[in-house]
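There are structures below to look over.
Next come two complexes built around subunit A: one with subunit B, the other with subunit C.
Let's turn to the complex of A and B:
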């Protein structure tokens, strides 16, 4: 009521406040609109640029997008009786891909545990070297798997080992960063307790820190495993064994082997979905219903 | 009684813990042992090509200049790395080669190679003069074939001498001398550029080197269009890779956001639709980036657009899942507040929901942007675009290892820059969001 009576008087009351507020809102809206405009322009110009650099145009290709899947499915359907045999034939390759992912996750995680403990404040063995270990992890994380894989394929020849080393290297860096964030939240009391009874650094870390953070480690490790299955399939395509390599062979053969390609697609898709579900189930259990 | 029960319970717990503490590492060891055989790691030592590794390492920090004589015509040519792009013009030579009737190549430390009328002589300090005469019946040398030191490889048609100073190869057709230098050859200017051999100070402050153009502009032009290192193309490829990651990530976020509303329990009342959209997310995520790349490359051909779309498809699934989870966690009170003022549904979403989820969304998107820069390198190698393609091409030729290491350094810098940028933006977002 009081405002209503005060409103007609100019110069005081809520009018200037309202004007100021409206100006503020307008300015905010203007900035927001400009940001949006710049973003839209960036997307559009980027899109046209990428389109012009592409071998085939976007609009020409759009209606052909289903041609290839239709071709593959058609051929697979024609030879549907061969499908079980193909699935059995390529199953070992799938196992190899999963093995690559599993080993590289394991090895990478072990390396990551050491690196992360060495680079966490309060836990580090050599506190002065924390920045060094952090930079090492940054570099390891930045290396795309394909770089190491290609170099190692040149030296070691094709096969699962180059892919394994390449993925493990990147995994160590990526997990190391996440692990060291987990470590920072660990309670230092068990560590101090162990120190008071004369435990050395390795014992303090293994018995004092790792049991506290193991569920988080495991959860991040499972997530990495999912990512690494995809990575190891891709690396197979550039020459490091497993199902990606079989896929490349079937694809470069072209028509006539599309039924094999379909079988490989099916296996890879199935494996990714299954491991995604399993790992997210366990991760949910670890984070929510966890044994903590 | 109860203490007994407690004790036995505790004993059981300890037994179980002990089993896990020893069983888990044992399981890992058994698995790794299986892998050692499954991956044939013992056989790795035989398959490994250490000479390849040596060539790779040596080439990445040094280069060689070839002095070649065609033994039939007698023409002498000099080229860096033996490439046409690094060839010295006829009649010109670096300071350590003297052209003339007799070509004298000074390999330093007393090692001197001379090309005479037809033969070749190499003065090796502490060993003596080695002469070789290529002819129609093979290579005649003054060496005793029964007693050749191990740094000389001698056969009827070929002699190769490898010393610390360089390498001399004589065959019937050709005589080749390699001299090794540290560094990356012609990184700034090729030999045909007038700026080759001039220091930075000279170019920046010295008198005009090429009368036709200013020093700085000319030097930049020659550097940018360096035929050996192709800086312009490399810069463009890097940009293309970042472009793929940017378009893919942002496009996926734009597509995923409206779909996420349909998949969130509190926004989509229709259960069947929700289920369908969720399965679509699962499907595009499960059909990995690799398969999307292959399918899309068939439709659109190689190039950055294909890579961007492959990233877009895969990440639409991931973003859709994450966004819908974020939407399910929004606070209903703000939406109800807006509803009480008579806001229409679209307004409720715009002012009640979007501000709540923006920080979560943007930080996820930025995180993916960094990781997709790495993926774009790999996808580029498969579909043919960006720095990934240049890297695989340089790998396939198996000789330009200095270019490979250059690309690797550039990729690392690019990813680290994106990582830094996305981290900075996320930090600001989280700090500003509160």
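Let's turn to the complex of A and C:
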């Protein structure tokens, strides 16, 4: 107590602090440099590995990358008159894909909110269990959607439900991590104010934390929605329905169906551009406009 | 006995913030706790409201040891023992009336909270309380759009909405200018006199304690070193509480307008 309140001795008191801070700074810089070095080495080694494993070499196959789109474009151009009909035909499949993405983003985000609150210091309902909830999110984030989807399709059969569950699961982990970082920056004062009136944990989170972080949640959620449209399209390839499924059919039964594939690409591309624009518009508004 | 505090101690690791605090309160009065920074005033109030757990001791309110309460009982006690903070601790993005209505959360279900369903009677009462504190016209504004003095009155309104037995105030005027400080202290005093509630306020200025309180408790290094009426609080005693040297002047701890006038500019 006495040491804590004693007046600081200028001169000899400040030097150790300076020295310690400089040491800390140097260590930080060293670590920063090392990280960069490791990163560069990893990039180099990864590239040479990929190059050596690639049958026939990466460079030899490079020109073939352009053969496929050329063929697709060629076929599509030949049957350009069928394009509007194709677009109309595959539009419902696109809607299904977007639907899957929307539902799974919503479900995943709600799970993520709960998980993130449970794993933020100062807010957690059970502070001792913070590491547990963090690990749960790590696992959810680490497992790719396609792995979960494949397992679920094996158990439940094809269709949109396994895709929704798979994407929601991965989304909960990915958003949970981001949300908990947002939560860390939330002011604890309103939360404490609510605690002092006898509000329970859920009430404190709903009224004390959520209003502060909602714009950030929404912005990350929109970003995730975009990602999930792509994920949902890809999952169609493994039998989860939607536009990915149509694309797979158009491409694998190949012979003469590349015009359909082109129509599907066009739809998908259009959808992603539209949602990208819409979400960046809203995210800009949320971060610069300060919300409603 | 209304309130009986016995041997209350709080340790943070090796540091004892509050040590063996003991006092009784027989009837609802207005008590000021004074002491310099780090004396343990906030820690003591936070233990009474149960924001911080005590290490040792008991606090009996009407013969019930409130330091032993857990879960829902603890929250029910908190709703009976309102707290006002130096930094107001409102929800800044929500409107004033909602902030006042938060005083009723202990009685509201979580589901009702989710959909922001407060009964109309409560909404009317919240506005009446705001009116009593002279800020009814601020009702629809966001809390963050108000001045510090107005925000503190919203916080007092939230406390009143709880209809509490005790109002604790932790340096309620420390972030306010002298004008607003006076308005807020007058409001607290009025609440004490008109509603007969026990008020315990941490104050960092002597003259505020002298002017508004019926009883003053002085703390130093976690211990109670003075407990008496404002009249007994002489400059010598004050010097002892603040651990100040002979150059100690009362005006140095003052934020009141009159005291400022006394200091030659």
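General remarks:
Quick note on the criterion: the second predicted complex is superposed on the first by the 226 of 292 C-alpha atoms of A that agree within 3 Å, B and C clash if a C-alpha of one lies under 4 Å from a C-alpha of the other, contacts with A are read in each partner's own complex, and residues count from 1 in each chain.
Definition applied: a residue touches a chain if its C-beta (ideal position, glycine included) is under 8 Å from a C-beta of that chain, and two chains touch if they have at least 3 such contacts.
Everything numeric here is computed off the predicted structure, so don't read it as measured data.
Shared-chain residue A:91: touches no atom of subunit B or subunit C.
Annotation for subunit A, partner touching more residues between subunit B and subunit C: B. Of the two partner chains placed by the overlay, only subunit B lies in contact with A:144; subunit C stays clear of it.
With both structures placed on the common chain, the touch criterion links A:21 to neither subunit B nor subunit C. Residue contacts after overlaying the shared chain place A:43 against subunit B, while subunit C stays out of touching range. Once chain A of one complex is fitted onto chain A of the other, the partner contacts of A:103 are limited to subunit B, with no touch recorded for subunit C.
Within the superposed three-chain model, A:198 lies in touch with subunit C and out of touch with subunit B [touch as defined at top]. Once the two complexes are laid over each other on the shared chain, residue contacts for A:244 go to subunit B alone; subunit C is not touched.
When the two complexes are laid over each other on chain A, subunit A has no residue in contact with both subunit B and subunit C.
Subunit C makes touch with subunit A in their complex at residues 15-16, 38, 49, 51, 74-79, 82-83, 85, 87-94, 102-103, 105-106, 108, 110, 113-114, 155, 158, 162, 221. Residues of subunit A touching subunit B in their complex: 39, 42-43, 46-47, 49-51, 53-58, 61-62, 64-65, 67-69, 96, 99, 102-103, 106, 138-139, 141-147, 150-151, 154-157, 159-161, 164, 230, 233-235, 237-238, 244, 247, 251, 265, 268-269, 272-273, 276.
Against subunit A, in their complex, subunit B makes its touches with residues 28, 31-32, 35, 38-41, 44, 47-50, 52-53, 56, 240, 243-244, 246-247, 250-251, 254, 282, 285-291, 294-296, 298-306, 308, 374, 377-378, 381-382, 384-385, 388, 391-392, 395, 398, 404, 408, 411-412, 415-416, 419. Considering their complex, residues 1, 4-5, 187, 189-190, 192-200, 202-203, 206-208, 211-212, 291 of subunit A touch subunit C.
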